[in-house]
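Each of the two complexes below includes subunit A, the first together with subunit B, the second together with subunit C.
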Partner chain A sequence: MPGDLKDGRIVIVGASLAGLRAAEALREEGFTGSLTVVGDEPHPPYDRPPLSKQVLLGRAAADTTGLPMRQDPDADWRLGVRATGVDPLAKQVLLEDGESLPYDRLLIATGTRARPWPNPEEAALEGVFTLRTREDAGGLAQRLAAGPERVLVIGGGFTGSEIASACRERGLEVTVAERGPAPLVGALGGTLSKLAAVMQRNHGVDLRTGVTVTALRGNGSFTGAELSDGSRVDADVCVVALGAVRNVEWLAESGLAAGPRGIACDAGCRAFNMYGIVTDDVFVAGDVSRFPHPLFGYQMLSLEHWGNAVEQAEVAAHNMVNPGPLQRPHLAIPSFWSTQFGLNIKSVGVPTYSDHVVIAQGSLEARRLAMVYGYKGRVTAAVTVDMAKSLDYYRHLIETAAPFPPPPGAADRAIAADVPIPSDVPDPKGLSHGPTVALTGYLPDRRLTLVQPG
Partner chain B sequence: MQTVVDLTRCQGYAQCVFLAPEVFELHGEEGLLYATAVPDDQVERVRQAAAACPVQAILLGEEVSVGAR
Partner chain C sequence: MDSDTLLARITDYANRPDPYPLYAELREAGPAVRQADGSYLIGTYHEIVALLHDPRMSADPRSRTAPAPYEVTRKPPFLRLDDPEHHRLRNSAMRPFGPPHSPGRVDSMRGEIVQLTKELAEVFQEGRQIDVVDDFAYPLPVTVICRLLGIPDKDEQLFQDWTDTLVASADIGPEGDTAERDRAGGQAQEEMGRYLLQLAELRRGRPTGDMLSDLVNEPDPAVRLSEEDLAANTILLFIAGHETTVNLIANGVLTLLRRPDQLDRLREDPGLLPRAVEELLRYEPPVHMRERVPLVDIDVAGTTIPAGTSVILALASGSRDPMRFSEPDRFDPTRPDNQHVGFGSGIHLCFGAPLARIEAEAALGALIPHLGTAHLVQDPPPYRQNAMLRGPRHLPIQL
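What follows is the complex of A and B.
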């Protein structure tokens, strides 16, 4: 039997980073059967991080961010066609054009899409953008190059903050409306988000916190927005940066454990069905998955991280073509980066899985620091600002469940490191944008309630 | 040719900026921007940058070919 796993028919749904890396890894693992990759966008896989940076800065065209191949996976690419369902009994993926693709094993890597502005009429105003695809970025970059009077960014998460940063670098006036008390609060907690707020204001961003946008105004074209504090922002471009929605709707009839937090799978990337029974022919990877992580209490993690898409795709591919005893778990430590306002922010672990933080190196004043997060006396995350070389060290502390606060010698600020302060991680239920890591099981101190879609 | 940098790995050593300044550029103290589409006359430099990167974060390769079938 094991030999058969290297042959047969594999279908990958999702033609972005995770889909591409899985396809390559399947061939590297010796898969010789037929491989089909389905993607709803018309383009071959492309890289998204440059869209909110190089592309908005006008240094790269949106259509030049195609991903390089490590090797040609010799796949049948079905691009520009949406998958509409899975028939798990007949083992077929259904496509919108009526065709169905039979599979022996299926990999779901459909990722996420931008959360749209909830009012469709307002969202349709000319000048209102989201930022997820190549087309989004191209259109927005063109508008920024034309020199708008003011840009309104709704949402101060990583994407919103990077957009605001690019606007300021282009000399454009920009307003950021954030529902929480500061930008990035959902991802980094209250303490570090204060630095983010200072950075934005120092760079001339009109930052409004503790407010929501209640309406977008315009007659055909966007002219401004009304805020919950009764104020109004006049702007001619609006970017809705309210986080992402996981692309799971097409699986509604599939019997898989697919919901708004993603598709649940085991540590080996094997999808669960709706009864919590693991499948052995359906696998999941990338942003659309949620999986249990032993370092974070086996909570289900949902990550929107570039590195996770790569690593999980490789684990999924390995497990698709190897028998049970040779399968591997996906245990990678969550890790992400952002560049904004001239600062390089990097994170390892899960900052939201914390009760306290210490500044272990540097300081807020120096705009250069390493902040270590702990939960119940154990290091669970670290965030560096312009200190990327320190990150591996903290990754090691997280992997080895080192005591928190970190031991002396790890810090150049002994006193600050000895006095943990609350990490001030907000309740994710109250967030207006995704924290990029969502703990979808339970929080350290409280249980979450089930959220139904729609 | 296309390039992508695994910025999860990147630690800001800036060897790439030194070796292929037309493709790689620092943004602030240690953030990195790069041209995803590598001009032909820069391919060899990017190869050198990829080899020199202390954390091996640079991948250079052909863009995905979607062969007609």
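What follows is the complex of A and C.
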């Protein structure tokens, strides 16, 4: 009976962006039953993008990024308590305080946490930070405001680059150590990462690429680090920006398809169990999920994007309270943005799902451009630098699986517009951090071949 | 009727009071409707938005090759230039106007604008007959843009004459010989540019807090405007900064007097005003059409439009496309998801939109309390000649 879906008990585990938006959407969809939201952080839902930007610049306090509620979802908020497991047969979420919460339908939106420095003793040195939570950002902002001699950022992904940008804007000396050939290479590929490297160096960043940090040094407090090329960086603050770890460990005994790359679900946000059978009462949304996308070969996508958390939460909520034939797929085109070193970078599609790129508008020299990515003759992504108004055009090309390279003739076309070059997306193994879009099946040019006899 | 004469019929002055049935005919015949003169007319929302974002569509009239290009001798202002030149000039003009370099400029004028609307609304006394255009809708934005740019009040009339000439010369429509109109436009452009450069020169080294001062005293040589560009862009800012707002306000009053229920609703709930302004921009927008020219042959919903052809995007038609908006011909200030194209879209998205919104909100906010018993003396009112920038020339009402 469809009517029943609007009633009953729904538990959402995860009280960040996806959890909040799902709770709101459930009410907007007419859910009248009991709604419980569990979050291990003590705070009501807050926004994370400002933490690596405005907060580090001292323009906003870390505790002022609370997410506005569109409407009060009338939920029982269980904040500051960790979920420790799911009993799928008894349909209960187990909490660390020993309580268990019965549910009719469950939404998992536990997101990710910062990947810690692998050596716990070194990680515990005073002055060593990661950046994921409000507390992380508040502590780091305070240290930056105190004017350290030098900041070492380990990892040149988006978070690491934004931190380096904030440091330079504050006039602080900063070193970025990246294992790959350039910053942002994992997310944007080789060509744009060259621009990122130039921007960092032009802004006075001491950028070290092709190196790893082998040890953090200090006696109680961090004093410096040793690099794989034998050099040493003296610094009094270290930010470990090695990407994210998906919060799935609590599901180890749940029988769900949960692993290091997230929880697998179908396009309707319904979780798979460990046998690949879709569940009908467990849903997944946000950074912790991995889902198939038809525009990218039905590969499982794992996204750490603000927009994905919102869109997927709304689809999950809709599908939790509507019967099968009325359910919707989550087919949004991935998109994200970043601001760093005075540049506005926006992306649509999946840049890592590519074999070639063209600079369709503008140029690297002008630091204003639109780069279009293609895979096997089809447009699969676009990234603009200070050219965000062009993004909708490229989004449309991706949505319609337009041929790659895109049609020429842009008024501000680059000289190289018609000459695709390899997109140069590296193997994630060679990066300090993961790309923000992970194809958790296979990379396009590393497709496994099934050899069948006969 | 023939759809290849739609543009001629839309621009025909007889249809100025109500072009909307013609837009419906256009959408029916569309999406890309070839006109007898070789140009194409586009009236459907999704195609318009796609073309506004398409980097292969030029805003520069000099990109026209077919049919016969009309004479464009002067370098156009950035509104009719393409990137990267458009971006350079728009950016330079934007620096003293909005974020990131001047984030508070427009908002800081709000108090002054509200004060101005109050003063202008004093003529709205019960029993009087007034002309909403001449007595209110025109003086408000002209005074605002003069103060913003730094033009002395005493020279307003000069600017009004130049503006009328320039706007007439920028009209579109298949009519006869435009040589005289073009000549007069050129002369007005030159005189107005010379005046503005002289005014700017007075501010060099002696800034007076206005945009002209900021433009001429720009410290960064990389973004400082040449004299030619300074003249062209300040003329554009002056004209675009008020010409459209006049129509937005007059169209707003006209719409509300035709819909007393909505007028009552706004009087009771002034908090709805910002959304009512958005709905006006959809329902009775000041800008009805914009021209673009494809730089290569492009495909629009199965029709190939050859490079160099004039393409007229009927924005006002797009904002009433039933494929995009439910009940598009209904004026509804509470309409959800009101993504109209009243300010255009893409790289030429209206630069002055934040100012226009403040002016329209302040103007309607000041007038609504006076319109309780008002009625239109003439419906439809006499319209201005221009089909692209559409609005009443006069709007006589009895209070």
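Remarks
Following the convention adopted for this analysis, the second predicted complex is superposed on the first by the 441 of 454 C-alpha atoms of A that agree within 3 Å, B and C clash if a C-alpha of one lies under 4 Å from a C-alpha of the other, contacts with A are read in each partner's own complex, and residues count from 1 in each chain.
We adopt the following convention: a contact is a pair of C-beta atoms (placed from the backbone, for glycine too) under 8 Å apart; a residue touches a chain by one contact, two chains touch by 3 or more.
The structure presented is a predicted model; accordingly, all values stated were derived computationally and were not measured.
By the touch criterion defined above, A:Leu172 reaches neither subunit B nor subunit C. When both complexes are overlaid on chain A, the residue A:Trp337 reaches subunit B alone and has no touch with subunit C. In the superposed model, A:Pro45 lies in contact with subunit B only, and not with subunit C. By the document's definition of touching, of the two partners only subunit B reaches A:Thr65; subunit C does not.
With both structures placed on the common chain, the touch criterion links A:Lys389 to subunit B and to subunit C. In the superposition on chain A, A:Val321 makes contact with neither subunit B nor subunit C. Looking at the superposition, the partner that touches the larger set of subunit A residues, subunit B or subunit C, turns out to be B. In the superposition on chain A, the residues of subunit A contacted by subunit B and by subunit C overlap at 368, 389, 392.
Residue ranges of subunit C in contact with subunit A, taken from their complex: 49-50, 53-58, 60, 82-84, 87, 294-296, 298, 307, 345-347, 349.
In the complex of the two chains, the subunit B residues touching subunit A come out as 1-4, 6-8, 10-12, 27-37, 59-67, 69.
Subunit A meets subunit C in the complex at residues 360-362, 366, 368, 370, 389-390, 392-393, 396, 407-413.
Residue ranges on subunit A touching subunit B, taken from their complex, read 20, 44-45, 47, 49-50, 53-54, 57, 59-60, 64-70, 72, 76-77, 79, 305-307, 310, 335-337, 339, 341-344, 346, 368, 386, 388-389, 391-392.
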